[in-house]
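Below you'll find a set of structures to go through.
Both complexes shown next keep chain A, but they swap its partner, so chain B is in the first and chain C is in the second.
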Partner chain A sequence: MSDTTTDRIAAGSSGTSPVGVRRKPAPRGRRKKNLFAWVLLAPTIVGMGIFTIVPIIGSLLLAFFRWDIISRPEFVGLANFADIALDPTVRVSFLNTIVFVVVAVTLQLSIALVLASMIQERMPDWLRVFFRSTFFFPLVLSAASVSIFMGYLFNEQFGVVNWLIGLVGMAPVPWLTTPAGAAAVVIIVYVWQNFGFSFLLFVGGLGNIPKDVYEAAELDGASGIKKFMNVTMPLLSPTTLVASVMAVITALQVFDQPYVLTRGGPGDSTRSAVMVVFESAFEQLEFGRASAIGLVLMLLIMAVTYVQFQLSRRFVFYQ
Partner chain B sequence: MKQLIGGSTARTLTRRSALTLGGLGLAGVTIGAWPRLTGSDIPGRKAEGLTIAILGNSADAEGRRGLAEEFHREFPEIDVHIQAIQGADWKDFFAKILTMVAAGSPPDIVYVATEGAQLFAEKLAEPLDDYIRRDADELREYFDDVHPSLVEAFMYQGSLFQLPIDWNAADMYLNTSTLHEAGLDRPADDWTQDDFTEMLRAMKKSQGAGFTPFYWTNRLFGGIVPWLYNNDTSFLTERKAPGGDWLWDGFYPDDPARSTRGGGFIWDGSNALDERVFESFDYMRELVDEGLGVRPEGGGGNSLVGLFSSGRVGATPAGGYWAQGLHEAGMGSDDFDVQFFPRNRTQRHQFGTAGYAIMRTAQNKDAAWEWLKFSARRESMEMAMPAPTTTPTRRSMVNASFYAETGPNNWQVFYETLDRFPSSGPIPAPPEQAAVENALIKNVTNAVSGSSRQTRAALQNLDRDLNLVLGSSR
Partner chain C sequence: MTTQIEKNASPQVRRKVRRPVTGAFIGRLAVLLVAAVLTLGPVMWTLSTSLRLPSESFDLPPRFIPWDPDFTSYSEVFAQIDMIRLVVNSALMTGFIAAGQMITAAMAGYAFARLKFKGNRLLFGLVLATMMIPVQVTIVPVFMIIRGMGLADTLLALIIPAIPTAFGTFLMRQYFMGVPAELAEAAEIDGASQWRIFRSVYLPLATPGMAIVGILAFNYHWNEFFRPLILTISEENFTLPLGLVSLQGNMGTGSISVVLAGVILSMLPALVVFFFGQRSLRAGLTAGVGK
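Moving on to the complex of A and B:
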């Protein structure tokens, strides 16, 4: 027990000071300011409560019910969890998602970092603005529209990609109709559309690295790759952490690209965890099962994020 | 606010405050007077009138406005609101209808295709039996004009849930220029699967790179299923429910296939390991392997009209709905033609049909029934289908004048599919259609790629997936 608490008890009231003098109420102006702040925050708090907190709680509860929208929900305990544990499609979809996250996030961050480093080099401002806008542009497009368009480009018989491949004498590639080809296309399309966000984070991070650190490194004889590995990477590590956490969370929820491009096929080769949530809910009318899968996915995301933050203690360097 | 004598405070109205208040008041009045959306504007929330959901976009809804206005003229007490819901396919559309049900704003009537007929019959739709019995005299002319196979597709456990309005069979479209360049004429009505293969080989030989003799898509309609049907099998077990005699005896007493009619189809088990299923898949695998057919992708084949009309595809299965599309793509009536699906063990065809279903939750079911009857009249169907964007279920409407502008020359094939091959069956779509379709399409591509061994492995997976879907729901 702290001294302050002891003193308060001795004074007979937790609301009074040790010497028995009533604590001064907050100045009227501050109270008004606080009230005003709460008023401004209220729409966000109410919105989050209704549209985020309540659905999360509802979804958690639904995981223990069997519900097809039309009939009354029926309590089934842990049956939905047992069901998904035995379902090979669910297992494959989670495995696909994990492989996807590893490959796509690695590519996304690598491409974003390389391009961000390149545009930090000397170039006219208008060209820098052009590159920044160009790389960010895919992110503002609808993922569904992009995927439809890419589906045409990668069509085995009539796609532009195979036409270009044909120009150099290669045989057409069955992009969307073989497991490896379909997975490659989904990753390509996803990375193309999402690297822009990581790119912008890296551009900001690189801009914050003081020039004198580079100058000192140069005086010590560092150049090129050494400077990048020993100066840029450590000083950029806080940005890398943020970019990787956000990229992993987003990639774990991949849906649009595989749904539109391949519908999860061929077989289950590109089926993602969120696709199985959607299919369970809106195609099989198993909303409880869908919630159970969603809950497992949420736990996976939380676990991965926790691990990332734990690892950051070793690898992230704060100035 | 100003400090007054005696230390008390009071509010005085400054000019700025007055202007602010005036501005706020004006804004309030403007907002209050502005026409805005309210809860009653959400489709399905209005107590009065009928909300009718169709698959399509706002242009499709606009296209049916004339029909709705005509209905309202005849039934002024019933307001009709056509609500177009966009979706990549019927499965998407049904998922959206279900979200409307979950949101508490279901439509009163939904235009449902075969893919969703049993899902709706099982969970959402109202049987029409009592209404049909009551208005039998009025409906006799409709049933006289509509093939019983189409009606049977909407029977479920002995009751009828929809009146079919449009339909399409999976017949074979042929690019006539490609056919002639290969030195071939339109095949005979009873052509075989071997004839079909030879035709594809000849087409391939006569065309250069970038040409695909046979294009097919991976979906329930027009995908692998027609090849299963013509091999006298299917990937699901198929039988008929008892019942339905009231309908067949009442409206189709002279139907030559009367003895085979029942209370609707039952598809409740996997048949994926049937040897004939393997034969059909293996045939398609050989076509892909030989470069005669594409490895099928999912989707509705949206780009297919362009590919077919530009001569890059020689043949593809499709229904009467394609005539208008090819015409709009610039093909003349002599540039393409249609023939029955080739024969294997049988020449059983696959078809799909669609019609309005009354939701169990509809407030005014009698009004909804009036809409169903109205829509099934010939003049209403003519208004709804002014061009061959689909095939009307009324035989009398499938005539030379309907196809005069578009072709094909052998348009008779469309309706004769049902007459010549009365065993033709609907798209196999049990109430678990979405999951069944997923199970099928996810295994088709693997089954027709690689070796025969891979085909067998894919069919094992299909069998496992179907058993999971059909077993868990029963």
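Moving on to the complex of A and C:
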């Protein structure tokens, strides 16, 4: 708050400089304008200060303490970080998360890209609207609700998925009771709900590619796959970059689906990094440790984003 | 498809529509249809199963179309959990967050877009930077701040921290940048105050942008699970997703139609958004992505 006030005063006094001669009551008008700006900004800036900036600093500090909320916080240095580096549950949850991100994002982007390029092709408008709305639909549902009904669909004994599998004469799959099965379900449910977002981005990106580029390629004799690889992919690469960065950031924070579908099980096989943050804090009351895990996750998110943008320098083609 | 054949028949447009219905076209259509069935199938199953008798709800073969709907599960879900409470809580939380975000984002966005003050760009950069911080990293301190404020386990604990919105501010700033500055100058010459210029000249022009912010907030917070799970403790403060997950936990694999009835009811507002606000929601979700 005090920063804001000094800023305001500083800005106000600079308003009296000769620059402000434009209209009659320039200095006063400037100051008023400044004050008005800060009034408009106040709710957002103060709110973010209290609920984002203070918490992130708090998290940074808390990571070096042991604290169960009841007793006094005890400074432990890097012990929390050493502890989580050795803790098998934390390690496996980060490993799970990384495997999840790689598989889920790859699936999500490929499905979205294939469907988006198919919908670009010639077809009646109503059909295009129908497909677009359909693929968009899961985005308006809650991940918790989706995980509830998907959990029933993948039920080993009574689920529709195993019933369908039985129709083609195969044995029922123990979806949620085996590590591999549970991981597969979490990925399927997540991708089912989220591919529509990447799809939207790709539809937008493909729509921005000028038609004459394709006509030129066709004149040169390119067709089908060749056109897609040599024309579409390079021109779409800025969209692909944004879509993949957003998909990775979101997927690294996966929580709702594994929490509702499996509670992280069987064993730790579907426990995600965020689930461990949650459990450390609100089940084991290890708030310092939870902060440390959260920070590691944030660093991971930032590192991955950085690498993606670095790679893009080499592979993204801007018109 | 008939129109294509007719078009092909007329010589003038033949050159435009070069490709008739080909195998490739049918192949593409088949892939898209399979994807559509896989997307809608689970939802159709949820709807039809919620309309089966609770005792038959897990019976095979499954049903995907509710031929003879039975509404027992819908009355049963109200008996099993305090559905009205959950709906009211979700509506209050979502409503206040959406309204709060629309107002504060419009204010801040206007200041960033149209007003000159020291540190404008720096502060805006800082606001954008907060978007990088995942909610899981700040949730522990937020939980403590909320406790410190004496708001632990209240709906306000969910509402207040969610009102300041970086993305909404960004969106509104973009929106106000698109409104010509001459309007303000004209109003200023007429002697209008800063507040009048904002309230009567700019804000009415920005309502479509505010609608996008509101719909995005609604879609996100109506469906959110992580924050309510942490910030509410007693059942009387639960929101819908939380209530449904706990109902699912209690029911096991018993009468799943009752749980699914709750799921369908919780979807209804989302359906309203889907049918009436889809354009705004799409615009909001893809905003800031650029070309």
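What we mean here is this: the second predicted complex is superposed on the first by the 276 of 319 C-alpha atoms of A that agree within 3 Å, B and C clash if a C-alpha of one lies under 4 Å from a C-alpha of the other, contacts with A are read in each partner's own complex, and residues count from 1 in each chain.
The definition used in the following text is that a residue touches a chain if its C-beta (ideal position, glycine included) is under 8 Å from a C-beta of that chain, and two chains touch if they have at least 3 such contacts.
Please read all numbers here as calculations on a predicted model, not as lab measurements.
Chain B and chain C, once both complexes are superposed via chain A, clash.
With both structures placed on the common chain, the touch criterion links A:Gly267 to chain B but leaves chain C unconnected.
Touching more residues of chain A than its counterpart among chain B and chain C is C.
After overlaying the two complexes on the shared chain, residue contacts for A:Ile84 are found with neither chain B nor chain C. In the superposed model, A:Phe158 lies in contact with both chain B and chain C.
By the touch criterion defined above, A:Asp68 reaches chain B but does not reach chain C.
By the touch criterion defined above, A:Leu40 lies against chain C but remains apart from chain B after alignment on the C-alpha atoms of chain A.
Look at A:Leu235: by the touch rule set out above, it reaches neither chain B nor chain C. In the superposition on chain A, A:Pro174 makes contact with chain B only, while chain C stays out of contact range. In the superposition on chain A, A:Phe282 makes contact with both chain B and chain C.
When the two complexes are superposed on chain A, the residues of chain A that touch both chain B and chain C are 69, 151-152, 155, 158, 282. Interface of chain A with chain B (complex): residues 68-70, 83, 87-89, 151-152, 155-158, 166, 174, 176-179, 262-268, 271, 279, 282-285.
Within the complex formed with chain C, the chain A residues making contact are 7-8, 10-11, 14, 23, 32-34, 36-38, 40-41, 43-48, 50-56, 58-59, 62, 69, 111, 114-115, 118-119, 121-124, 130-131, 133-146, 148-153, 155, 158, 160, 163, 192, 197, 200-201, 204-205, 208, 238-239, 242, 249, 253, 255-256, 259-260, 274, 277-278, 281-282, 287, 290-291, 294-295, 297-298, 301-302, 305. For chain C in complex with chain A, the residues that touch the partner chain are 1, 3, 19, 25, 28-29, 31-32, 35-36, 38-40, 42-43, 45-46, 49, 58-62, 103-105, 107-108, 110-112, 115-120, 123, 127, 130, 132-145, 160-161, 163-166, 169, 188, 194-195, 198, 219, 222-226, 229-230, 240-242, 244-245, 248, 253, 256, 259-260, 263, 266-267, 270-271, 273-274, 278, 281-282, 285-286, 289-291. Of all residues in chain B, those touching chain A in their complex are 91, 95, 98-99, 101-102, 123-124, 209-210, 212, 215, 218, 294-299, 303, 307, 312, 432, 434-435, 438, 441-443, 445-446, 449, 458, 461, 464-465, 468-469, 472-473.
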